[in-house]
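First subunit A sits with subunit B, and in the next complex the same chain sits with subunit C.
After this line comes the complex of A and B, so read on.
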């Protein structure tokens, strides 16, 4: 029943024409997960009851011949950092091992209102902190393309589930590259929208000024459909933006001829793997052949992006994660005193990488170091954002590699936090500047590992990057 | 700047983390490695640059920040979570309040 390459449109037409029932489709996905996920580890929790109830409701509509909602019966997975009412949500942490949220994340609620079937919650690095999914408190995720390699992180379970056909699509989150980097490593499409485009309500906070929710899909068109569903302001998130949501699906059909594409040498420097460079350069040639104008641009502060990111992100994380104290929900370690209980709870509940980031964040915010680190980083963040403002006066989009290398091996970087942080070198800039960015597959290495092409756009101009990505995908 | 053992202990205290001796040693090593990498930011002159706390995407032309504020809604935006639901995830409660170890030491 499960086709090898099922898109949202394919599901909808099969259901509408009664060639398939949502219940049968949902059951076939659970069977597939049962069979395959033992060796991949993409799912943390399955929400069978919720999924089958939803599927039955879709089937009832279809049986009546009523028009189906846009995402009717589409089986999706949700990264386990978005809360789901009544369905355990762990953020990949022992701290939330038994947490049953009393409310739904806005993006998930909007997806369900549009008809999707939520199969379950997808594995990730603890509190979305990591680039390999090895920081999950439950188990690492294996890359479906090569089980000895990481799927990327932190949305590793989401990327692996989509790549292994254990979900038609997924929602991930991206703070420093956590949608795009795993999408690149697993050979799928990952879109990080503009900051404020999608409500963060119900996304367990890592770094509030950098956190984004976005789609992870098999095709660019599916990413456009999901963005259409989840975008738009939300009274529950004051940073969600009131700007009108355009028609993304219609937008991708526009011709790309004449669009100006920026190429920045700063993204092709030291550390870029040769095979990745060749593939990305070939993709740029392909876009030129489609009639785009290739323009050299400069983003001179790029080399400062990773240090800036690790100050801003950890500072915000140290504040956001202060709420985990064993009092109101989550893990509690027993102790005789209140302060002892706080400390033991946090020591036992958090994994090493989370503690490392809380320590770094607390340090850069502490008396005597605030100006030297945190304030400095905020100023450099201004310069990084200005780089993009300047470049976008000359071009409509910027094309780069998504990551400097293809997927690395499990254990390869897990003992060296700094080496792991450098895996995000091309992705953190879009989070810091708040601009939209998409990663799409652009070939493979000799070892058959996927390579990702990143397209960066202007604030609130997801249409242009989707349009370019769609044109490339069709031409490739 | 080099972090000392004493600072690691101080920062762990600020963050309410109780680190084992092994974790403290690892933390000392890792923080120094990361901070020495981060120090490259000091190469840059930023005296006349404004800090950026929030992604600039929120400030598109013609959309003043206060346009984001909603009108007051009588009775609040939504009802609070019922007490039973709010306590459902509590590690310890007496049905009305969260229970914690004694706060005041004798």
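After this line comes the complex of A and C, so read on.
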């Protein structure tokens, strides 16, 4: 059996029926990575020893004929912003170039407990700041669908690895769209769960109130299986939510007929690429054909989402990244004085975009500016959340394009941060409101570039969006 | 009469305005946002984890006990507990601050608007408390003892230890008031059990804000902040110095700079910190990793019910319930543990007043001589209670108690142990041996004996003293007291008498005054088991 469009269920049954060993599968993935990743750049670090040990343990279990855990032997990659005990974790930054964490991220630990084999750590924009993966301190990631184009960001390595069959699935993180936008650019499924649904413990913080961990997979069903594994409260994260975790896998099987789907004109305005519009409108028609009721809704504060996001996210980032000071771990530049060491370490350890955001965040929190920027942004954030609350009184889910355009070319926007920020225009709202959102493929452009359909749901109602996504995926 | 201040007394024309910020470490077993131990004095960086080291990806989780202690402290300081308070990040770079920010509280603190009564020369005065908030401590930078003079090492054992910051109103009008306020604050907090307020171990730290203004002026002068003061006495001294300094500056036509100053106790002076380190913009914003802290009415009531009796009330009750003096009460309530032990001991003892007396008269002096705090006394309150009971029952004498206490201090052992080890010594209660001593004493002092016989009652004390002396303090004082009680007149032949310890009446047959004895015979119904010579001292009740 070759590693070709393997899903989680396929892996599990092949292993259970002993048509395949986890060790052979893991080795085939490493061989594939060896062969392909030179031109894609999805992986930053491979954890071969850890992976093969885990695979051997799964094989031992299978040999005994014991029932295998739900994710037994599934080879996955982990975005390099989630810490892994004993495996270098860089967050895509020179600052953490040699950093070996002493503990595991909760989501990763839960995945491994469920049987996954962690192949390695996936490339990303430095500290998850970016929309093209060109901000990685190591190397840019190339979109497997067109190597001249970006895979999206910041979970670009994760999207590319899954799209190029260099992992069955991956864990990404989403602060302003970092799971859904690259999923859309690379033609895979990316799910950002409700804020608090998945523990953030061990996720290197970019913007604490906006950071989410979520699955990046080839199918909606796989996304549901991964979410099932990583969801649920964690005593190590006070913001993780105690709400019971429903059965997502069973949930997606329910019929979608009669579900009300909202379409907001604010997501179809200026800047939306024509081909993307056509594809998304066709997807909406498909959902209508499946028996869903299409309802017009209004999300009037959408236009303020991007500026609001860049204030809140940079403010929190400026504080979260203060710990990288060269004192205890990570990169340290030598200097004669303490302040000199601080300045040189942070000047040399951080890349341009990170520095830009730290400065922006420091500015908006400064005395005299706090009320005008940070406080006002928090108020707008409340209004944005209220927009969704109002809309969800009328509909069960809202569909939008995931991104205004398909994947752009490497270098195309790297000198224009503002143009780059607008790539997040349809994704930041779900992060700001904390609601769940999924991106699934919905066709291609004439240049064969994938287009993404975004489905937004109510707080803690991942089931409905997975259900719709699954129905669409099967119908398409 | 109009009194004009002499021009050479500028001090009298100004009044100081003082506010204090006190940081107190809470006595939780674990840190505020992780489960590391708060133990003091462990090897550097051993009580640490990803959270308190500020490792990438780690998140804080609030310690419930810290909240409880902080709320309890705020309540006993008379503050209103806010139903919702919010943690905030205070951002600044410092090597011993691992996250590059301190989790504290800012615009929505745990508690506000309290105050405590402080004794002043004009009676009690209320010093307002603006706010009490929760925060984490930073680590410690160690500058000494490393090769190369510019090496600094960091110990993060203290990082994440829970603190409360108690900010007073600028109600304090003199260095002495500041001193009293701190003592009172410490007493209350130690009593409540939320902190040991140990300044040497850094569990109480104080910064002072001080300005002066011409008397009668209602607006405040420019203030200076004095930091790094490590004893209450130094705070008083630093404030004294700073007041003089500010007045001198103003008198010379200068202006006060708003700044942070450090106190040097060796010189008794404050010094300006380099201005570079003062321009801080902490960029406070709500801590996104923690939910707002909610303390609803039910939870507040639960915490309220944990409030202990405060020293003032306890003193009054001890005086009322145990009949002890105000002075004894003050000593016994100098700390909560001692007061609790005393109460327990007093309740267990036959005579609570004796327990208080022993503490005051026997224990304190010995502790002082040895330079020991009462918490480190070899004799516990249980020991004091046992010794009090032994004296009370007459089993040991006061002199023996003193000797046993000395032994306890010598051996650093508690009273019950020493009492056992010395073989449960008993004071002499052997009547016949004592009678012999009494007879000898009467025989040795014929002149006093004649006067005593003649009715000079005041000589009783003299004979008691002589007998005690002759017995080297070993005699049971009550027995001595009784045996030296001269029977009024010497019985004559034919008198009817009773004999101590015997039933019935007897008739005196003959009297031998030389030897203080008489021959008696039993009358009807008397105990006739023995017919003998009886000491005159045993014949009673004519």
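Convention: the second predicted complex is superposed on the first by the 474 of 476 C-alpha atoms of A that agree within 3 Å, B and C clash if a C-alpha of one lies under 4 Å from a C-alpha of the other, contacts with A are read in each partner's own complex, and residues count from 1 in each chain.
Simple rule for what comes next: a residue touches a chain if its C-beta (ideal position, glycine included) is under 8 Å from a C-beta of that chain, and two chains touch if they have at least 3 such contacts.
Predicted model, so just to flag it, every value in this text is computed and none were measured.
Using the contact criterion defined above for the overlaid structures, shared-chain residue A:356 touches subunit B, although it does not reach subunit C. By the document's definition of touching, of the two partners only subunit C reaches A:205; subunit B does not.
Contact with neither subunit B nor subunit C is seen for A:63 once the two complexes are overlaid on the shared chain. Between subunit B and subunit C, it is B that contacts the larger number of residues in subunit A. Common to the subunit B and subunit C contact sets on subunit A are residues 99, 102-103, 209, 235-236, 238-239, 318, 322, 325, 327-329, 338, 342, 362, 366.
Residue ranges on subunit A touching subunit B, taken from their complex, read 98-100, 102-103, 194-197, 209-210, 235-236, 238-239, 241-243, 301, 303-304, 306-308, 310-311, 318, 322, 325-332, 335-344, 346-347, 350, 352, 355-356, 358-360, 362-363, 366, 369, 372-373, 375-383, 385, 417-418, 421, 432-435, 459-460.
Interface of subunit C with subunit A (complex): residues 50, 53-62, 89, 91, 93, 95, 98-101, 154, 281, 283-285, 288-291. Remark: subunit B residues 1, 3, 7-8, 10-12, 14-20, 23, 26-27, 30-31, 33-35, 37-42, 44, 46, 49-58, 60, 63, 67-68, 70, 77, 81, 85-86, 88-92, 98, 100-103, 105 touch subunit A in the complex. Interface residues of subunit A facing subunit C in the complex, by the touch rule stated above, are 82-83, 89, 91, 96, 99, 101-103, 105, 200-205, 207-209, 235-239, 315-316, 318-319, 321-323, 325, 327-329, 338, 342, 362, 365-367, 370, 374.
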